[in-house]
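The letters A, B, C and D name the chains in turn, as written, and every chain counts its residues from 1.
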Amino acid sequence: MDNWRQRLYIIIFHTDTPAGQRFDNWLLLTILASLVVVMLDSVSEVHIQYGAWLKGLEWLFTTLFAIEYGLRLYCSPKPLRYAFSFYGLVDLLAVLPAILALLFADAQYLLIIRVIRMLRVFRVLKLSPYLRQANFLLTALRGSRQKITVFFASIATLVTVFGTLMYVIEGPGNGFTSIPKGIYWAVVTLTTVGFGDIVPKTVLGQALSTLVMITGYSIIAVPTGIFTAELASAMRGSDQHKHSCPSCAKDFHEPGAAFCNRCGNPLYPRRSASD
Amino acid sequence: MDNWRQRLYIIIFHTDTPAGQRFDNWLLLTILASLVVVMLDSVSEVHIQYGAWLKGLEWLFTTLFAIEYGLRLYCSPKPLRYAFSFYGLVDLLAVLPAILALLFADAQYLLIIRVIRMLRVFRVLKLSPYLRQANFLLTALRGSRQKITVFFASIATLVTVFGTLMYVIEGPGNGFTSIPKGIYWAVVTLTTVGFGDIVPKTVLGQALSTLVMITGYSIIAVPTGIFTAELASAMRGSDQHKHSCPSCAKDFHEPGAAFCNRCGNPLYPRRSASD
Amino acid sequence: MDNWRQRLYIIIFHTDTPAGQRFDNWLLLTILASLVVVMLDSVSEVHIQYGAWLKGLEWLFTTLFAIEYGLRLYCSPKPLRYAFSFYGLVDLLAVLPAILALLFADAQYLLIIRVIRMLRVFRVLKLSPYLRQANFLLTALRGSRQKITVFFASIATLVTVFGTLMYVIEGPGNGFTSIPKGIYWAVVTLTTVGFGDIVPKTVLGQALSTLVMITGYSIIAVPTGIFTAELASAMRGSDQHKHSCPSCAKDFHEPGAAFCNRCGNPLYPRRSASD
Amino acid sequence: MDNWRQRLYIIIFHTDTPAGQRFDNWLLLTILASLVVVMLDSVSEVHIQYGAWLKGLEWLFTTLFAIEYGLRLYCSPKPLRYAFSFYGLVDLLAVLPAILALLFADAQYLLIIRVIRMLRVFRVLKLSPYLRQANFLLTALRGSRQKITVFFASIATLVTVFGTLMYVIEGPGNGFTSIPKGIYWAVVTLTTVGFGDIVPKTVLGQALSTLVMITGYSIIAVPTGIFTAELASAMRGSDQHKHSCPSCAKDFHEPGAAFCNRCGNPLYPRRSASD
């Protein structure tokens, strides 16, 4: 019996056996199908015609995911640790909304949370290179965290000031009905989205919004520059082999280096017979 | 006879003889003209007045391209290999739609596929430097393939979650008639396009879309950073320092290397005072 | 008495004691609350229902800030220097508009200037790393000042020329009622904001605006490139290689340097075989 | 007499004397004023009220510029060379449109060409650093010319294909009245401008435009990456002193270097007494 449980564990949790690979492929397809069902059900023409069918399918998927969740808990060697891991919580969230939907009408849309389960796709693809790349991106983001905080604080200040100024200049008559609305407009404009639902009509307002637009157009350079510089330095660091030269302390060397190319001393001194 | 076929081959397939150059120039002009004809024919005022003329021209161009395709098949030393090459298929596609248009009314617009033939323009310009540059770009893209996959997967997840949330918050009354529509809106907003055909009207919706816009405005830094870092490293990689080590003959070294990092001997012996 | 004044000084001006930290936290919360009150008061539904309450709160906050300003003046060892420092002026501006609002109806919105006081948030967070990062950004901006001036001068010229051309081409009938309006449109388009309030309708106008859009889409690369290159060099500059030359004591060298480029002696003598 | 002509030449053409500086300052102010007059005259309310005044001012400025042009021709040592130089032609263009305006009503707007004269502003500011920075930008642009050609060729192809597809999918009923209009829409969308004057209405059209938007959002990385990489390499190149080491051929050295820091040999060998 225990043997069976372990085989199940390998199928469900590992992807390096053919059975495990097949399981994960089917799981991804099922998740995708359940997402499509939720989406289709939200289109009113489809809902009217096939509503009952889709509801049935939704319950089928929910049952499948509930069974899967149960099996994962059953066969995992450390069920509690799984239950509170990131994937464990996501797996639970894939089941819960359907039950909540019995009580609250809109809760079914929470099913879209299943999209997060799609992250498993990286486990089906050859895993490690993708994770390593995602790690690069995260390292770069973490390295630039403080610069980015400074940047967002400046953006928030700019947007508040510009939004208030536009509210004072344009006034409720031109769609700027309150300061929060002005700030919303400032965000729409500064990020160069430009919906056009609220638009300056006075000459002064247009002059100011010219300033906002030029600002937004230019300071996009700041997060881009920060991230690029961090990423380039993260990638350069990993290209080379980190091992301090015992003679001159040069830190990075080509992967196959035997001698330091700055001072010519061996990187890994041979122990003499007398050592 | 065979001699004539070979001369034709050189004119049609090569660009390094004056005749070949002239042939390619005329071919490009003809392709451009045929594109303009297709475009003009789609403007209804022009179609009403000059429809018959344009149809005639279209058939003329199609005949010309058909003849060219025949000649290419005839004079190519390996006709099958040409027929299934990239350019061979594109040349065929430049002729087919006109014939399909006899059966299906809209098929003529497929003629716009001829725009791909314009890629021949790089053969008329001095070829190699452009290809080398295109290669740089492709190398950079290939090098960042996995990072870009991670990026697009995140975008897809973000867009699905935001689109569903907006559908739940705003509802069909404000234009968000279904989840797919919400996702369409999320893409329009996240990419900072901002058509303004669907726009949040509730306070909560505007607050959430502020978040979407700031996200879209900031994460543009990610593909830019990835591509820039890759391109910089691709360009740096091409100016690796080539200098054979006088002791062990290792060929490539870091630009600043003074000693060979394989054998530890100096790469550039110092001139003795007696030199 | 003087002792009390000094303790007050430490609480108000320093953040490294628990009391000072607590004071700054409360101050930030108060500033945030006063900002929210100003914003809420601008929403007409809220203003009608709770206008009197909000006015009361506004006066409460103004009184608090006036007291704080008085205390700062009182306990600062150099009151005049504080009064004319950046923070001193901002603190004064946080109080003044409320008094002006007694005379001019709209002056209350100037209260939003208090948002600048939020910059104190960096004093509450661990200060120095943020300042150092902000310094990096400022260094990069200062280093690229001239390039950026050239860039903005080009943008201003482009926008004026395009705006005038569009005014001549489209004319007042299509919304381009004057040259300044044309310039406003050119800014909206070049920065890729694209409100859609003014839109080209003639074929020639659409062709020209295609050019403007492609230009705007491409030259965003210029400020980004400038800032990224400057930032990368500012970050690289900070990890210059420090190692005193054993012969001439020159302190800084290129990262890969093997020999001192002032005296020509090796920076890292090779260990002899007998070592 | 000749002496007077030479003094005039120094005042008008040079900026390094106080008189020359003053002349250029006044010239810039006059050009700016003449631009403002043209702009104001295009605002219909202003035109109705002050049209006659503005016309008078316009003629005054035109007369001033004509006199200036005459003086430049008169005092230049090589009048023909000036007349056909870039600045000479621009100076002529600043006068001509006013004369053309006597014949054609709209020609007066060509006066906006005077904006190009504003480029003289770089001569008044300390000239050389700005020119050097502009040179950096131009070097970077020239270095990436071929990559940028490849990029624009791809954009043109993409836009043509997408525009035609949208015309076929959406059709004239939804605003896509012709292929050129479809291409206009594709440019508006790909560049993330998003006016919203033409908008996809069918589900298939919205799906395709999602693809266009994501493409546009992503490939902005390409010109940015190209330009940044080129600019960084242009700036790095200028940081250092180019002089090939006679022993090891290392190309770039610190400005004060006397010895090559790679091979330790002198960069500038002393001539021995026997030379």
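In this section, a contact is a pair of C-beta atoms (placed from the backbone, for glycine too) under 8 Å apart; a residue touches a chain by one contact, two chains touch by 3 or more.
Note that the structure is a prediction, hence the values are computed from the model and not measured.
Engineer: Going by the average position of its CA atoms, which chain sits the greatest distance from chain A?
Structural biologist: The chain farthest from chain A, judged by C-alpha centres, is D.
Engineer: Just how far, in Å, is the C-alpha centre of chain C from the one of chain A?
Structural biologist: A distance of 28 Å separates the two centres.
Engineer: Taking the mean of the C-alpha atoms as each chain's centre, how many Å separate chain A from chain D?
Structural biologist: 40
Engineer: Residue numbers in chain D touching 2 or more other chains?
Structural biologist: Only 180, 183, 192-196, 216, 220, 224, 226, 228, 232, 261-265 qualify.
Engineer: Please classify the inter-chain touch graph. Allowed labels: line, ring, star, complete, other.
Structural biologist: complete
Engineer: Going by the contact rule at the top, pick out the chain D residues touching chain A in the complex.
Structural biologist: 192-196, 224, 228
Engineer: With touch defined as at the start, can you tell me which chain B residues reach chain D in the complex?
Structural biologist: It is residues 35, 38-39, 42-44, 106, 109, 112-113, 115-116, 118-119, 121-122, 129-130, 133-134, 136-137, 140, 148, 152, 155, 180-181, 183-184, 187-188, 190-197, 216, 220, 223-224, 226-228, 230-232, 235, 243, 256-258, 266-271 of chain B that touch chain D.
Engineer: Which residues of chain B touch chain A in the complex?
Structural biologist: Contact set of chain B toward chain A: 146-147, 149-151, 153, 157, 160-161, 164, 167-168, 172, 177-180, 183, 189, 192-196, 199, 203, 206-207, 209-210, 213-214, 216-218, 220-222, 224-226, 228-229, 232-233, 253-254, 256-266.
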